[in-house]
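As written, the chains take the letters A, B, C, D and E, and residue 1 is the first residue of each chain.
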Amino acid sequence: MLSYIIRRLLMLPLILLGVTFLIFCLFSLLSPMERLATYINNPNVLKNPQSAQRLIEKYHLDDPFPAGYIHWLKSLMKLDFGWSSTANQPVWEAIMQRFPATMELVFYSIIPVILVGIWLGVISAVHHNDLLDQVIRVTAIIGWSLPTFIFGLLILFIFYGILGWMPPGRLSAWAQFAVYTGGNFKHYTHFITFDALLNGRLDIFWDAIIHLIGPIITLSYISWAYLLRITRSSMLDTLRKDYIRTARAKGVEEKKVIYLHAQKNALIPVVTVAGMMIIGMLGGVVITETVFTYPGMGYWAATSAQQLDYGSVIGFAVLFAFIMVVGNLIVDVSYALIDPRVRLE
Amino acid sequence: MNRIIKKLLSNTTSLIGLLLLLFFVVIAIFAPYIAPPLFDDPYQIVRMTWDIEPRPPGFPMADEMRVVFESLGKQVDRDKALFGTAQGGYDIFYGLIWGTRTAFRVGIITVVFSMLIGVISGSIAAYFGGWIDELLMRITDIFLSIPFLVAAMVLTTILGRGLDKVMVALIAFGWMGYARVIRGSILSTKQEIYIMAARALGVKDFRIILLHLLPNTIFPVLVQASMNIGSMVVTAAALSFLGVGAPLGYADWGQMVSFARNWIIGSPGNAGKYWYAVFFPGIFIVLFVLSWNLVGDTLRDILDPRLRGEL
Amino acid sequence: MVERKQKILEIKDLKTHFFTENGIAKAVDGVDFDIFQGETLGLVGESGCGKSVTAFSVVRLLDYPGKVVGGEVIFKGDDLLQKSEDQMRKIRGKEIGMIFQEPMTSLNPVLTIGFQISEVLKIHYKMGNQEARTKVIELLKQVGIPIPEQRFDEYPHQLSGGMRQRAMIAMALACNPSLLIADEPTTALDVTIQAQILELMKNLLKQFNSSLIMITHDLGVIAEIADRIAVMYAGKIVEHSDTRTIFFNPLHPYTFGLLTSIPRLDLEMEKLESIPGMVPDCLCFPTGCKFHPRCVFATEICQREEPELTGVEDGHLVRCWYVDKVREESKKIGFSRRLSLVE
Amino acid sequence: MNNRLISVKNLVKYFPIRKGVFRTIAGWVKAVDDISFDIYEGETLGLVGESGCGKSTAALTMFRLEEPTSGEIIYQGENIARISKKKMRDYRKDLQMIFQDPYSSLNPRMKIKNIIAEGLVVHNLLDNKKRMKKVGEVLERVGISANSMDRFPHEFSGGQRQRIGIARALALDPKIIICDEAVSALDVSIRSQIINLFKELQKEFNLTYLFIAHDLSVIKFVSDRVAVMYLGKMVEIAPTKKFFQKTMHPYAQALVSAVPVPNPDYKRHRILLPGDVPSPVDPPKGCHFHPRCPKVMEICSKAEPEFIEIEEGHFVACHLY
Amino acid sequence: MSRKVWTMLLVLTIVMGLGIGALAQPPNPDRVVYATIGGPETLDPHWAYDTASGEIIFAIYDNLIAYDGGSIEKFIPMLATEVPSAENGLISADGLNYTFPIRQNVKFHNGAVLTVEDVEYSFKRGMIFDRAGGPMWMLLEPLLGVDSIEGIAMELTGVENYSDIFVDGEVKDEYKEAMIKVFTDYVDKAVEIDGNNIIFHLAQAYSPFMNILAHGGSWSSIINKEWSIEQGAWDGKADTWWKYHDPQNEEDPLYRVTNGTGPFKLVRWVPEETTMLERFDDHWRGPAHLKEVVYQYINEWTTRKLMLQRGDADIVYVPVTNMNEVEDMEGVELTKGWDTMTNTVTNMPWLLNAEGNANLGSGKLDGEGIPPDFFSDIHVRKGFSYLFPYDTFIEKTVQGQAIRNPGPFPRPLYGYTEDPAMYYEFDIEKAKEEFKLAWNGELWEKGCKFNIFYNEGNDVRKAVCDMLSTYAKVVNPKFELTPIGVQWSSYLKQFLAEQLPMYTIGWLADYPHPHNWAPTYLGSTGTYSAFYGKPYVDWAKENTDPLIDKALKSVDPEEQKAIYEELTKIAHDQALALYLYQPIGIHVQRDWVKGFYHSPVISGLPESADFYYIYKE
């Protein structure tokens, strides 16, 4: 197990290298002049015709492909991802600023994914072919078919526009002042909800929570729907297994058969999928955060991708690849922890 | 095959899916009759007015536009926007009808090509194993490490706007799932004895892959592909929504939704003022995706019980 | 011959059908037999003949879409088919133990051996953890598992096939059931392990004084363990008698065919006889006697009418129109003589 | 005795076990560990042993379906263990296999005729029309109507599928056929049909069989000679009659005694072996069988017994002899 | 099982509803939330050249002088105590020396008191800072007569490339002296301290100089010398200046810290997320009404709209196209018709670069394309000038929130006129006539085919292209104009490569003076006009450049007015471009917000506000 983990971790730099190379290749399709546009948002800048060339030199935009890549790699080693023209700050700083917000969102989204997805999946499997099962299943498929950007805007419309419950952003203006000015509010974890509790500010905690609900639902509903399906079929599959028959032959109560004998086995494949979904949600934040103006990585990623801010895209992708690899590793390890067949290998 | 069709027809949900699909196919085929084009390029959405603000269903074609079309020698048969106009005076009805063709094109082309790439790389990796497998799978990992939407967005922006560019981007970053699925199922099918039997007969590697492995492993991929047709259309729409999809004015559902983006909520007290702007394109997309999902979902159940629980 | 004791299970005209999409599969179509205490009944037949379904019908553990559609299963005087699910649960594992074919898939991979065995005791005797543990370790010892204290905390995949089957047996016997149902318990095992398990089962049966329904297709195994044998074909019992009678004096053409078609270690044989054709699909049984398409003795009546299971001799039941012809044939090749000649 | 058709010398097949960070080879599964035997033209050599003893691996390695780790396989004067894969492909039509599971040995998505004709196609034998004629012939020969060659495997029963498997092998007019547990998965009444078919075909086409099975009763019935394997080693080879009359190796003795006999009156001395078969990763030192052997001696744990000819054609690897 | 689910959901909903109701905050009277798009690029006044940065810097820093309210001509003193003029003698008669007496007792946010050295430092630092593509050309042009400090350095050292002066980031020894001279002989001499006065010595008479210095132009903001040096900015020495010239963004020490004299101080800036300002109580004009100002950067219009509707945002940027949605919103005030210093035109370069240019079709006048010098024919330009439905466009596409311009100069600058003779009107017949004359009638006969451009995401410009393309077809079916939307990046690239046949683009004022527009659109070296091709440049050198220069040097407003009107006439007569429209701005706020006024020179207005005067009621 340990050597497996080490092996995977050794693979990490390779994957990161590959990711950066891939993105660099993509950007090399553009001419220096086109890449320059990232740094120019106003034609006034071109007042002096030479400034274009000077800017190109300044940002190393006309370096030949391998040299540019190596130049960039070197700075990466120093955690210097360059300048983000969309965030108007160094890429690394931009990442650090936005990452906790996204992580907080994803963290809370895990709760409904696990609870609703798995719980309803089991219920659906147990009531196989009942009306309840059909309703859950059809709802899941419909949910799955709803594009996030439509769904998110609808949530925003109904729950904020009409009911006023789920405001966009991460904090209300008053809470922002309370959290970020004066220095009384200590940032322990950079998760606002946790910090609020640690600082004993229930009002801020609540404010953060109501801002999170809409994005959480939007971000995770597809995962619920999908996980529900997976859980259901895995559960159905497990319930047909020989050892379930053995358990019944022993006289084990049906409830125990389902929740003790079947569920644990059924959840083994689900864990992998759930893990992938949770990691995948990091990618799904793009639209959710855009719709809810939630100040995280996704919002920024969307902007930087559209505006070809390649420093940011590379930074984002490297971070994401890192999380992907480590996340997958965690998923695999937890998979092994659940399944004794793998654990005791 | 007959068994599959019979089962698809006997299942209520898949029947609904198939009917919906049929509905869209009919629309796509008869688009020139349902919504006769007024521009030379039929995919250019007919403009009913120069107004930016959406206009409600039944809005008649503005005089200045009628003059334009008539002086271009076109016969204006339909002079009312059946579903209203989108931002910019585009006829929603026209955009949706011709957008159906676009949806099929985007969905099917992207899925077919990404499936091809995925199947080829996945089967080579699985069959030959060793370092080839390792290399191909690491490449897959690398492609998977960038969130699909972000990657597609970057590539589309680099290549420039246009549906073909969108498709290239979707294909370039959409093949990895197939590669993984086919690899997994070939790895298990490889253990089957008929593969050993074929090798015992002296069958060459590529013939084994083509004739023995693929026919037996392709179904899970096909199921996945059928469900992905819908999600590819949604992703293309999401790209349009984020402003990097089809060129402005091109008949594409995603664009119709993105037209509605700023008009989802009407004025206070009349929240549903522009309901038609998002409702019609939204319902088209949802139903289209739903139809593929329903069919794919049933197909999955029918074709391969082993697939349960797998991605 | 075993001493006739209390009849603990009596099956009358049991019918179990599977309602599939392609039609009704009459997997078990009117089966009668009974078992006495301490006795081992061998249920023999080829795959698909309904022997396993019969067993699962008894304990009502049929998979969807199977359903018992008729008959009675009288266990210790009560009809199991009339019991509520709750009552059934109290009988399963406690009164009737079961052993399955694949010890690998029949044990839950994520629970320890100890947990799975002690669970039976906890359910039926409400034993505490410690008490159950002691009892389970004792049981494991009894079924011949070395270092049971260690095995207790191990998972099924850490055990060999033979050990797993021993664990299954321990589980089945934990509550000292009066009836044991074993569904091909040795089929998946290697010959030497199979011998160990058979030996173990024989000993344990004596020790626990349990009855056993032994389901198998292996005539060799059945010859070793069974007191009586019921031969099944296409959902019905075609011949039923004590073991020696079945082997030395088979009166159903199917039994006869089976016995002549197996290669055997105890005889020098020039040629194997074989039963032509194949086992019919239970979705569409032939009319009349279900064996007639493969039967060399078949005549027109066999196609038309199905014979009853009738007693031809004391306790020897056969379902055939031409018992006498078979007896003659059997004599001709000298069945009993040939068999008793050995050693 | 006839001519040696194929002769296996010191065949070894180890599978690496990779472990650790760099997937280095941490050990070997010694599936086939230095075995030698000959197969004579026209005979049936029965190979028995329990699961995991390496009998199937031995067969696969013999036909280069697994690459041998070392050793020689002499066929037609050539060591086919060493020739190129391409050249090996030419030999394949002489060397055919029939597999255990009639359900997974036929490609479910191919028509019967294509399954059977495939060998002809890849070896470029006959033209298309003649191929189909040949397919029809072999099908009829194994007892399946040539009319059904357009059907798919799932439309046949297990016994019929096994016949199709046989037809596939026959279509190439092979010299030797390995039957790897070819009848184990079949029902009793079907099994005898297939066994009889094997026998008939052998006579008709002068076939040579390597008949692998775990069931000694079947082996006894079909083979001319019996070979017994235990943990990757050959422990005994003898002509069938001799073998059953005078089983020499203690393992073989236990094996014979363990076979259930369908005769309630059959009395014999059953040798119950203690414990399970050890793992082939780390087989016991000396004689692999010694930890379970009822007649174990001191030397057994130290030295590996040689495989020697005790009587004419009767080879045993045991310190007792 | 299912009942449990529903009960739980119900309870959850109720609890949430109650909780939110109980904790909802009333709108804070001391705070204004402004929801807009796109945040500042930097907070360094000498770096900033974008509206959003200018907006924040406007609130944090002060200039020497300011415009009087919404005026663009009248100035009031800020950190200077007097506005220089010829009358009060603070501007020398030749227009080359400007003197500003500095106000006393003005405090910076860090408590330091404003001195005349701070003012001197501010301008010198700006001049040597001069980042590539930055705003400092505006000060360098009048003060040193160049548009980049590098120009002087190259002249004094005699190198061809500025980078040749350096080796490994250090000045080569042979150039060291010259480089120090750049500072001592030029920069240092341009701005001088005289007691409590600051004197600017101009290199040439420059009529917009006061506009450049006035409040609203971040480049002329006054920063604190001591504090800046502490932060790591230029140390004020002559032999170090090049190390502080044109730095990387992240190397600029002032890019995220501020210390101004303005009414608000910075509390938090998260780029592209939010900027939070707090009142500076010691502001020299007296403290502002508001305690806190929050800028929220929200790109999604729907979200901004909902925030406005719910009162979570007090002032909101509303795209003109969505104006109707807030018009009848309760508690919301919409004011329209504010002048903006921007205009939008469609340019028609006289000579295009045909090399590798797919936009011209066949590259010949054969019906399948256009020749590279297609637009050098005045009839072609006039034809298209008649072909655009200006009124329909303004009414429908921009919802009436625009006016027409006859030339490049926006209202109310000199050069703008309402004389109908200066306007082209949509007239298909007249367009036909012109096209028939073009290219000796060949064009009319053979037709033309080329691409017309807008930058992706700009729906209004897309509509312009659509209209042109549509009506071109109407006028002659052989005229095929294909609208192409491209990313800003390739738009810029093709523009610089002179490959775009007809493209729509706008110009946003740096300062409200026609000189900011005249060279841009009309001169031989203008940002746009320099790319119209050589024939145009040659033509401009003779016809427009002398006029532009004359206006720049003129000190007489009447004379200036006449010259700029002359330029407008030239632009009209030559049909140099399609002068499409000048947007007029709207301002949307909750009705409890008071104190809004509009000035076209303040960055971000009219959408935003001068928060010093804003209060809530």
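One rule holds for everything that comes next: contacts are C-beta pairs under 8 Å (C-beta built on N, C-alpha and C of every residue); 3 or more make two chains touch, one makes a residue touch a chain.
Source: prediction; values computed, not measured.
Listed by label, the chains that touch subunit A and also subunit E are B.
Chain pair with the larger contact count among A-D and B-D is B-D, by C-beta pairs in contact.
Taking the mean of each chain's C-alpha atoms, the chain closest to the overall C-alpha centroid is A. In this assembly, C is the chain whose CA centroid lies farthest from the centroid of subunit E. Put simply, the C-alpha centre of subunit D and that of subunit E have 87 angstrom between them. With centres set at the average Cα position, the gap from subunit B to subunit D is 52 Å.
The distance from the centre of subunit B to the centre of subunit E, each centre being the mean of the chain's C-alpha atoms, comes to 42 Å. If you average the CA atoms of subunit A and of subunit B, the two centres end up 24 Å from each other. Of all residues in subunit B, those that touch two or more other chains are 157, 243, 261, 264-265.
Looking at subunit E, one finds that residues 300, 302, 306, 309, 487, 490 touch two or more other chains. Under the contact rule defined at the top, the touching pairs of chains are A-B, A-C, A-D, A-E, B-D, B-E, C-D. Subunit B contributes residues 192-194, 196-204, 207, 211-212, 215-216 to its touches with subunit D in the complex. Residues 60, 63, 65, 88-90, 92-93, 95-97, 99-101, 104-110, 118-119, 122-123, 165, 168, 172 of subunit D are the ones that touch subunit B when the two sit in their complex.
Within the complex formed with subunit E, the subunit A residues making contact are 30-31, 33-52, 54-55, 57-58, 83, 86-90, 94, 97, 123, 127, 132, 153, 156-157, 160-161, 163-165, 167-169, 172-174, 176-177, 180-181, 203, 206-207, 210, 213, 290-293, 295, 300, 303, 307-308. Against subunit C, in their complex, subunit D makes its touches with residues 50-51, 157, 159-160, 187-193, 195-196, 214-218, 220-222, 244, 254-268, 270, 272-273, 276-277. The part of subunit E that touches subunit A in the complex is made up of residues 1-2, 16-17, 19-20, 23-25, 28, 31, 33, 39-42, 49-50, 132-135, 137, 147-148, 162-163, 246, 248-250, 256, 267-268, 270-274, 276, 278, 292, 294, 296, 298-300, 302-303, 306-307, 309-310, 312, 487-493, 496-497, 505, 507-508, 510, 525, 527-528, 530.
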